[in-house]
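You will see two complexes here that share chain A, one where it goes with chain B and one where it goes with chain C.
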Partner chain A sequence: MIKLPDIPESVVVRHSAKAWPLGLAGAGLLIIGSLLSWSFDPGVLGDLSISLNPGGLQIVAIAIALLAVILFLARRGPLTSLGQWADTALSLRALGLWALLFMTLVLVAITVETGGLINIDPGGWISFLGAVLLFIATRFVVQEETRDLSEARVPGWAEILVIVVLMAAILFGTAYALGLTDAWEFVLFLVFVTGVVITGVRAGLLSWLGHVTNRHRHVLTLAAFAVAFFFPFTQNGSDANMSIASQVLIFASAAMGLNIVVGLAGLLDLGYIAFLGAGAYVGASLSTSAFATIGWKPPFLVVVLTGACVSATLGLIIGAPTLRVSGDYLAIVTLGFGEIFRLSMFNLDGNNGPNLTHGPNGIPAIPDLTIGSFNFGDTHTLLGIPLARFSNYYFLLLVLIAFIILVFSRLNNSRIGRGWVAIREDEKAAEAMGVNVFGLKILAFVVGAFLAGMAGTIKAHQDVSVTPDQYIFLESAFLLAAIVLGGMGTIAGVLIGAMILKLLPEKLRFFADYRLLLFGLLLVLMMRFRPEGLIASKRRQLEFHEDDEELAVRIETNHAEDVKA
Partner chain B sequence: MTVTEEAENTDARPSAGVPLLQAEGVIMRFGGLTAVNNVDMTVNEGEIVGLIGPNGAGKTTFFNCLTGLYKPTEGQVRLSGVELPPKPRAVVKAGMARTFQNIRLFANMTALENVMVGRYCRTSSGAFTSILHGPKFRREEAETRQRAQELLDFVGLGTSTEHLARNMPYGNQRRLEIARALATDPKLVLLDEPTAGMNPLETRQASDLIFKIRDSGLAVVVIEHDMRFIFNLCDRVLCLVRGETLVEGTPNQVQSDPRVIEAYIGTGADDDDDQDGVVATSKDAEDTP
Partner chain C sequence: MDVFVQQLVNGLTLGSLYALIAVGYTVVYGILQLINFAHGEVFMIGAFGALTTSLVLFKGNTSLWTLPVMIIGAVIASVGTAVLMERFAYRPLRNAPRLAPLITAIGISVFLQEFVRLNYNQVPFTSWNPFNLPDAKSRIPFPQIDVVTGKAFELGGVTIQRSALFTIGALLMSSALLWYFINRTKTGRGMQAVSQDADTARLMGINVDRIIVVAFALGAVLAGIAGIAQGLQNNNIDFRMGFLAGLKAFTAAVLGGIGNIQGAVVGGLVLGIVEGMATQYIPGQFGGSPWKDVWAFVLLILVLVFRPQGLLGAKAVDRA
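For the complex of A and B:
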């Protein structure tokens, strides 16, 4: 990430003995300062003005300090058994940097919000000093040999416990972050999370977790869904965050569908949002809305399947002629198709053809879904916690996402998935080996469209109205960005990518004008430093690093271990 | 049928054995260039046929015509009497598989996965059964895996199934490509320079492997530059020069034919008249617009 000028090695070695006490002192100061008041004004960053009653960000600061203490004690002290596995030096350097960044931003935030440095209380300065000491100390830690993490073994139950704790942390972290109303506070929390994640990555936690999750794949999936399932229960009946969460899920399910086309089959589709739109228009037209133009009002399950089939048919119609071109040409053709869809919906208003869509006005007033006697608009109480409208849609979308993930992973691990990989690797050779290249490409297109159509029908009801301007090119670009950012061809990566791209704009509204600039920058940086995405699929990583022999050997070794297990 | 009988048969036209592959009058033109001009080739069941010729003689182009990668301008290719459409997939399905001159493995897949891709055209699990893990999917998947493992054992890569193709040594990559071709259950395998870049030991192993493939009942066509390899291995040899068949016959006949030596080594300056006969191809090329 951020490169600091290196201190000459001789200087580091000479002073390395002092790093340990200095770092512990810094961490101690950070904790003491956080227990005191940071700000004179109780109105900023939550309330940080009461001594011995730390507010949210002060607890975060204490957490950073405790993490530093643990890492220092792993170098020398009672936790050395941990130190022989984890790369404490690299992780401490990252932590020191991010701790300093965090405290600096806190002071800046207080200054800006209250109008002067004068409003920073002594506690704030003490914590800042602690962070500075920590930063300096971490510059002088010496890197030591660590053992191979793939040999690290803890009892099976402990590994499962780690997964559960991690998932719980994600659940409460997300719930907490969504609850933050102050933009500064949200940004600072994000800085904290990023810092901790990078510290963990530097320590080798991520590669260890990779081994652990490989051994307990089912536990991980189950835990992830449990976390997602319990999320609405943390909201105490408030629907504000649930609205965002269900938007995220719609976006994520579309991204997962596109992931089949882009990530598995390797086809660049820039008009994918049209398939979501097709599903939405079918959902709206077949709903009981007074503005619906079609008289047929089937039950919801039929609507979902109809929407999916209409969308899949569109996929077939657009795919059959265009999939003969590849690469950039396909991207342009699909982009054109996306625009054709939007303009058709825009113009099917009765003036230029049959009145199907009410043109730019769209189909408004779509009533809530009802499945049997369950109305998605009502508030239901479960376990004493009221679950309102968006929570209901959230649960439905969760089921949909589970289905999409099932389709994705099963197709990926089948004859069809192997065919897709072969096509991506070498289309000519695949064809010469008898792989039905054209058929498999069409299949990816149709399956992707089918899943987007399903999501679309739900989206129509959740958004209440369907208009053409919801399905502009930018949305397709965002879906693609979520995949590229998260990691093509992966499930977890794309879900995380979708979450980042949909959640951040909701919380950082003050930044809305620069949203595209920020995402553009983010993507450029990703392409430069980690083209395979945040969470990389092994195969994609290999594809992006054709010359990296070391990586290939490492992945092969890991793979051989997985096969044995 | 046995190899020795075949080899002693002095008749260049194959009379013994059942013809498997019959290519007749294959012509491939690229614009004004005739890369393959009126080449006939017959391969009988259980036969190893060599295809030699100097660089640029059109050997690989001819292979591409046979396997449907190119659509020949004229001529037809029949396998077991059935005419092959110029589509790679149909050709593979009919029972003809190939390897490539410059190895074209799926580099980021494991050896086992590479061979499993070769089974694609002999399995038919669709999307539904794959998603539902239906009985057909489970049966085919197990069969595919087992067959792939058998083939890897057959070519001598039984212990490196989980290695990435790109990490494998060069010689093993060649073997893997052969295993992948065999996975399509072919009646005939076309090998495009299977020993290019190999050391003598690897070359000997390759010829053992090709004999082993022939003994399992398949016919083999080999393009090679290594003459010792080809004359050891083949029952019949076809020499292409500038897109035309120069000589066809047993290894001994071809080996001793002065025209073959001439084509490879060239002639003295005073032999220009002879040369003209061979240059006919390029004249043809000029005639065609």
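For the complex of A and C:
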């Protein structure tokens, strides 16, 4: 988090009255500037060169300004009823900082792309000045008492509306971001989203949303799936983004499966990719590819189950001996198993052992899936929008991930899930309490492997070919990183983590070389500063911050309220 | 018979390398109950340290007297890396749940590999290459010092590479020094005390933090030497060499009984010999060198099933 030096309290109080007009003026300038041209070169950052016809980033700047206006009006003006709930001072400070960052980056981008500050039109300068004023004004807002957000009540239909609007915003935000081809534009949009999210967090919006979603959990789940379902329809038949999206879904389903093993049962599995690989190889070998080595060609549903069962059997073979000893050993043994799997697939080419996998060449030319008469390779038109190959796989994967999430949440809220928590927190105590430690560990391991096997069979068809080098250790590390980044043991967190880890490298190709370096650093820093992940499971958060009394009290009161409600 | 002895020699060479690295895992585990997963990378950086020393200071001169200097260079690089990673990555996590340091270790491992790959021949984010170092994205030839890499000895049908003798000799000498250090010096006895009971040792006036740093450094010294030995044996090094070597060395440490220093040496040698013999004597298509790594990991799993405390007995196996 960016930490600015604090202005002395007395100075802030003395000038606080001027903050309000100054801030509104800044926001006004930002809007006016954004309506003018920012640069005469239409080739930079989309087209920002036409006055009174704001381009994408200019609309974003206007959105920032409007948000600032709303927050200022909540402090003094017609929206004060909002101001008594939201912490406007903190959120304005965050917004001011991010607005300034945004406009500075815009100027930097124009300068870098066109070769000089000279290419910035007056509109850009006016907007920048507005951002500066806004930033200065927000330094001088005084924090006021706010009321407890858990008491905030709006009608139920309004709460549902909020969820729906939020989900729609996510849908169109993602579609817009994916449509951006320019790296600068993408980064700037990311800055905007981050800034708005942080502003929301500071205002207490997130904790209010937490209460709201708690009251309407089913609506949230449904809305989230509706968003995911409608995503292909925003692409106008283009398959490029759908290819990325279906990769993300494969990755996310594998991460969710691993989440059961690592997040719920606390077993560190470093060879999880091998289970995905086992499923993929089964899927490829039982497909009608000319290179498949097994003669049996069952229908796809049977293939999925076979792949999952083979994977689960491997999990049982590897888990049974190692789960009796300590967790550290498991990490290394699973790592060794991952290598055994990769090396075996690499070696089984006919020269070293029977020809099962064609060795390093793998099994290419896997045909598209057909379920009944539905061919996944064809383009189908629905509601007037053509849905091509990757969209078809996307829908299938959506069903798969829904199934995995269902398994995850049912297990988590059951006797089994509580057993896992007990094992994770103290194995010996759990055993003394009569928890079947070994059985539950094996169960977690096998369920995880089973789900990965299912995902693998689909992955084989979607990728067209299966080769051993798709299943190196680094892939397992990536899956683990998605869980750690998002929040171990949570559903939303892991989905977000998987999205971040797969999407960012796709869009930010200019740092492709530094991708892994940053990834390693990210893991270290996350463990150091926020081990519970972006979206923390409450119990996990406590496990990682055992001596934080305040956090314990806060989580306990929240929990008590949830139980009452 | 010749074939058997030949494989024994090959196995001992390989095993000595594993043993040198395995000591690093076992020393740290004995004290912190932490698997320093990034130890393989320390080994890799040791090799690069030696290479850099040779390239920068001697510029292609490969006389015998450069070898000790290269060893010093390797040890400085590996110890520096190990101490820094202990200080900035592991120490803050001393009381965290056990998952945290393991994940950190994976992060360090990836980071160090990538750092060497991208930045060996350039200062980060620039293309400035002050010493004209080679590109580390592919294999780099390791300087060949005639006395230790020259013509192999022939002993009645058995070929013994000079680098093999160097590796085995390095292991013997390191083990002797290590034994002396652990049993006869004050710091070494402090290490024993901390590994038995850290809290009591602290009460007895032992600086536990310092002992932990020493443990990391000690493992790194041996890993650095192993890095050179590997470079001399293979004629080249690359940034990926630490991963598999580290994994094998950990297997060796478990095989001998983790936390037990003699165990690590014995485990390394046994693992090396098993690999050598598996290459030669497993019949049919599953023998030969493509499968030797697989057999090594199978051995690890078998050990954990039948004798989780390892060959010589481990410290604290059941700690979850």
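We take it that the second predicted complex is superposed on the first by the 562 of 565 C-alpha atoms of A that agree within 3 Å, B and C clash if a C-alpha of one lies under 4 Å from a C-alpha of the other, contacts with A are read in each partner's own complex, and residues count from 1 in each chain.
Heads up, the rule we're going with is that contacts are C-beta pairs under 8 Å (C-beta built on N, C-alpha and C of every residue); 3 or more make two chains touch, one makes a residue touch a chain.
Note that the structure is predicted; figures quoted are calculated from it, not measured.
Undergrad: For A:Glu550, using the defined touch cut-off, is the partner it touches chain B, chain C, both, or neither? Pick first, second, both or neither.
TA: neither
Undergrad: May I ask you to decide whether A:Glu9 touches chain B, chain C, both, or neither, giving the answer as first, second, both or neither?
TA: A:Glu9: touches no partner chain.
Undergrad: Of the two partners chain B and chain C, indicate the one touching more residues belonging to chain A.
TA: Comparing chain B with chain C, the partner touching more chain A residues is C.
Undergrad: For A:Gly434, select first, second, both or neither according to whether it touches chain B, chain C, the two together, or no partner.
TA: First partner only, chain B.
Undergrad: In the superposed arrangement, does A:Leu522 touch chain B (first), chain C (second), both or neither?
TA: The second partner, chain C, only.
Undergrad: Would you please give the residues of chain A that touch chain B in one complex and also touch chain C in the other complex?
TA: Overlap of chain B and chain C footprints on chain A: residues 428, 543, 546.
Undergrad: Which residues of chain C touch chain A once you look at their complex with the stated criterion?
TA: 33, 35, 37, 89, 92-93, 95-104, 106-115, 118, 243-244, 247, 250-251, 254, 285-286, 288, 290-291, 293-294, 297-298, 300-301, 304-305, 308, 317-320
Undergrad: Can you tell me which positions in chain A touch chain C when the two form their complex?
TA: Against chain C, chain A makes touches at 262, 266, 268, 270, 318, 321-322, 324-329, 331-333, 335-337, 339-340, 343-344, 346-347, 351-354, 427-428, 473-474, 477, 480, 484, 488, 513-514, 516-517, 519-524, 527-528, 531, 543-544, 546.
Undergrad: Which chain B residues qualify as touching chain A in the complex?
TA: Interface residues on the chain B side: 67, 69, 88-89, 92-93, 97-98, 100, 104-110, 113, 116-123, 125-127, 130-133, 137, 140-141, 144, 162-164, 166-167, 180-181, 184.
Undergrad: Quick one: in the complex, what on chain A touches chain B?
TA: Residue list for chain A touching chain B: 406-407, 410-411, 414-416, 418-419, 421-422, 425-426, 428-437, 443, 447, 539, 542-543, 546, 549, 552-553, 555-556, 559-560, 563.
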